[in-house]
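Look at the two complexes coming up: chain A is in both, with chain B in one and chain C in the other.
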Partner chain A sequence: MEHSSDRYYIPHGSPWPIVGSVALLFLMAGFAATLNGSGIGKISMLIGAGILLFMLFGWFGIVIKESVDGIYNQQVDRSFRMGMAWFIASEVMFFAAFFGALFYARQLALPWLGGDGNNFFTNFLLWPGFENAWPSNGPAEIGGEYKAMGPWGLPALNTAILLSSGVTITIAHHAVKAGNRKMLVAFLGLTWILGLLFVGLQATEYMHAYHDIEHGGLSLRLSSGIYGSTFFMLTGFHGLHVTLGAIMLIVIWFRTLKGHFSPENHFGFEAVAWYWHFVDVVWLGLFIFVYWL
Partner chain B sequence: MVLAKLIVITIFLGILASLGSAMFYLVRDDGKSGRTLKALTWRIGLSVVLFLSLFVAYAFGLIQPHGISPAG
Partner chain C sequence: MSHTADAHHDHHAAPSGFKRWLFATNHKDIGTMYLVFALVMFFVGGTMAMIIRAELFQPGLQFVDPGFFNQMTTMHALMMIFGGVMPAFVGLANWMVPLMVGAPDMALPRMNNWSFWLLPVAFSLLLSTLFFAGGAPAGGWTMYPPLVLQTGNAFPFLIFSVHLMGMSSIMGAINIVVTIMNMRAPGMGLLKMPLFVWTWLITAYLLILAMPVLAGAVTMLLTDEYFGTSFFNAGGGGDPLMFQHVFWFFGHPEVYIMILPAFGIVSQIIPTFARKPLFGYESMVYATASIAFLSFIVWAHHMFTVGMPLSGQLFFMFSTMLIAVPTGVKVFNWMATMWRGSMTFETPMLFAVAFVFLFSIGGFSGLMLGITPADFQYHDTYFVVAHFHYVLVPGAIFGIMGGVYFWMPKWTGHMYNEKLAKIHFWLSAIFVNVTFFPQHFVGLAGMPRRIPDYATQFADFNMVSSIGAFVFGVSQLLFVYIIWSCVRGGEKATTAVWEGSHGLEWTVPSPAPHHTFEVAPEVP
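Presenting the complex of A and B:
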């Protein structure tokens, strides 16, 4: 196949879309079967996940090879950048929904239940004696007794760890621009190690939260009313994003070991670096609004 | 109390603005531009300032986490 830099590269006869479709078929059919209590469902989901992983490796591998081979022209580069922008737009909407739920519960719903504004009778007739305060699992005290997660200890330490990883990725970023490969490899490596450390500590924090108060825990669970559900949905999905970001960093790190990325051509690195800054900022928002304010 | 909260939120808005402008430059510029990196450097710098100022504000009694004592 001939490629020239003035033509927009389109891969011909790629098997990966159909492989991905088969993976999704196994996943969805398996999920539906599991919901209906069939034992074969989980096996089907495992097969689907396996095929999906195979597709991700294969497809991303081809794209990296095409990029390194210099097949992509300026216009393809712009397509990648636009793709990143739309992906981030969806991510922002995703987190905005959960932060929005937290804001609605704290600033509107709970004050109303407490009789704020013109809702005197809501309080008087439905939940007499309920006073608005945060943290709260609502007037029905769904999930029973619990303790709130304070900002000291692990959350503060985790914030320091994630901010440090933000510093190391920025140093790595300066290194890639300066063409300093040794520094790039060292600080990028440090970044994903800090990222995995964060996820490990977050898991420890969750275990502490889930344990009963009598056993030294907080009895704080996903089922602990509006506080528990917003806490775990926000921090849980954030943790998932840190995990994904760390995997992306590891892939990029192996690519730098192989000598990919130059001071002029490193969009893959820059996109992942930006994504890491993004999960860092989401955490900072969480730390401020969930733990502090 | 309110002033400390306002300062925290203002710095956080600055962080969002620098992160957002980094995204804008990432999409707009090519690999040779240094504007994305510059914006991201601002981003991390402001974040470190915010983190430290939370502790300073707490030490001076200007801010309280949720108004409750440390859990656990």
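Presenting the complex of A and C:
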């Protein structure tokens, strides 16, 4: 063995970060060019996405190999855990920005537009007749007529699914600690199936929302004023995180099948489990504040 | 086993060629790259400042059209904040934190590399907009809608570059937190850590909590512009003011992100050259933590004039005033450390002492701005410009320069040219005041910021200010020369470097070998 595990492992140079930077250069510049209406932007994005995938396989590949080879000691493991925990903290703050926008619009912006506080003339001169209500697409009724998304039905079902997946991954967690591989494979598998089910139902809900009212939909779109904006940005970023989490679950499921995790050494599993609980908790906030109240 | 590991490590002194830098995982190499990058950006942003001051040398429009002037004010701020000050601090943390806590490297070396190498990508995207048909972003670094939404082709490049800078900062901050919390040598208790480590730990928490909020804010700008959302559109039930709230929720902690590490540097330098331990070490730690906490509940003092409810104005005024208490504790402690010390005034100490005095001036003008009714008069005038340049130039940047002179012998193994460095200090310290002090006067008299022309009664003070800026700018070339010649050669530095030096970083040889503390040191 090249490195003994009694000292902190420090890799000697790695090509993957700079590959990731090049990927993001192509991806971001391409996306920006696409938004500016340039045709080559999409090609640049594709190249960037390709390089990014290459980087992800390469970078995670070498980390998994080092982990399986037993190069990481307990201190390295602790670094990974702390790093993941603080990454999730930063994700919480990212969602906080959008929740903040939702609360601000509902508690301040809309009442003010309706003449609340010292804003009588804002309402009287600029938006006469507008009354504060929620949901709202604003005094100019941006996006036209729409119907709100109710909490019961699909969203409630999705809540049940995501909460159940929180239970199944906890059972899987106990299984990995007990060294019960059968149970681990079964419940981890169940977790990602529930995750994909959630994403599928969310997609169905989005299609229902986007369909015209005349065709049985809600005519609810990203462009449906502040309600549509907050609804789709919050649930959309959450859905993106669930998708990412589900992919991560599938990856560690295959790693479980390969026997990568032991009762003592399973940081990869725990990181994904934490992440999964995080998207779970965010969903609860969404269900209460976006769908229900 | 550990014997073979030893042999293995010894073979990896320092990889050579471009791979050493592109694939770097060594905290010293990455720290060096951060510092060099910050220096380059300091000159890019500085050139923009020179253009601004040239235009303001006289009333009327001389050199640039107003649109380009606006691009310069916007880009100058973005370059200096995200390209200059922040990377310089991260560079210093990379170099010094592992040495100070007795760690073999940063905790997550590959991510450390990525944190750095995202920055050139971010700034390539941003600087490339200068060559676009519509020019670079010109709506101010604060990116207020609806103005910023008129940016044109540069707009998405601005947004994505901010996203990349944010990613870089968050990863850098996570790395620093984990290094400090998990990599300390046995015996290095939290309340034994050098103050630079403490201030950086708290700064890193601020970064982790504040940067994602900025990412959210600019994402909302992007979707408002291209995907039909109404976050900042009153017609759709949103509010342009909401952007200012979300932005400054990030923006105020950001202000402390740019000063807390400088507090740490000054708290290392003053005890060294006063030859006394830092007065009130624990109160320094608690004061830093208090400032960090308060930074999250004062944000709306940047927007007193937007028409907030009175209760909001009062809350944000009083919470802002409260910051003076822990800051006062710090200034008092620095003074008390110098009190009856056997002081010598090598260049780092000169910068540190100047920091204490000049930063305090910026702090006091901040108190003036924090008084709501007074701010109605000062808002968006040159008084604000004078205020934040006092805390950023003789504050943050003097802190960085003092830190560079303080630690450069440890990095290069050579003493810098003390005579030239003192000339650099005096030129900087005098002309930073010539530049920014008159701006208080024109601001109080009503000269608005971010305007390329001004009324003739402001002409004299502006000319003085511009002359100060030119000399200050040229003086910085001396800084580059001093660094360059110190890297190339000079008097050999000893292990301790300074007579009064104290701490683990002064126990490793100068220059610090490529790998240090592979076996954890004894902490006395």
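Here, the second predicted complex is superposed on the first by the 278 of 293 C-alpha atoms of A that agree within 3 Å, B and C clash if a C-alpha of one lies under 4 Å from a C-alpha of the other, contacts with A are read in each partner's own complex, and residues count from 1 in each chain.
The rule we apply is simple: a residue touches a chain if its C-beta (ideal position, glycine included) is under 8 Å from a C-beta of that chain, and two chains touch if they have at least 3 such contacts.
On a predicted model such as this, the values are computed, not experimentally measured, just so you know.
By the document's definition of touching, both partners, chain B and chain C, reach A:M82. Shared-chain residue A:K182: touches no atom of chain B or chain C. By the touch criterion defined above, A:E270 reaches chain B but does not reach chain C. When the two complexes are overlaid on their common chain A, residue A:H208 makes contact with chain B while staying clear of chain C. Of the two partner chains placed by the overlay, only chain B lies in contact with A:L218; chain C stays clear of it.
After overlaying the two complexes on the shared chain, residue contacts for A:K258 are found with neither chain B nor chain C. If you count the residues of chain A touched by chain B and by chain C, you find the higher number for C.
Once the two complexes are overlaid on chain A, the chain A residues touched by chain B in the first and by chain C in the second are 82. Note for the complex: chain C touches chain A at residues 1-2, 4-5, 8, 12, 15, 19-20, 22-25, 103-105, 107-111, 113-114, 117-118, 120-121, 124-125, 153, 156-157, 159-161, 163-164, 170, 173-175, 177-178, 181-183, 208-213, 215-217, 219-220, 223, 226-231, 233-239, 241-242, 245-246, 249, 309, 518-519. Only residues 5, 8-9, 12, 15-16, 19, 22-23, 26-27, 30-32, 34, 36-37, 40-41, 43-44, 47-48, 50-51, 54, 63, 65-66, 68-72 of chain B touch chain A when the two sit together in their complex.
Residues 74, 77, 81-82, 84-85, 88, 134-135, 147-153, 159-160, 163, 166-167, 170, 173-174, 177, 208, 216-218, 263-267, 270-271, 273-274, 277-278, 280-281, 284-285, 288, 291-293 of chain A are the ones that touch chain B when the two sit in their complex. By the touch rule above, chain A contacts chain C in their complex via residues 1-4, 6-8, 10-18, 20-22, 24-25, 28-29, 31-32, 35-36, 59, 75, 78-80, 82-83, 86-87, 89-98, 100-101, 104-105, 108-110, 112-113, 117-118, 126-127, 136-140, 142-143, 221-223, 225-230, 232-233.
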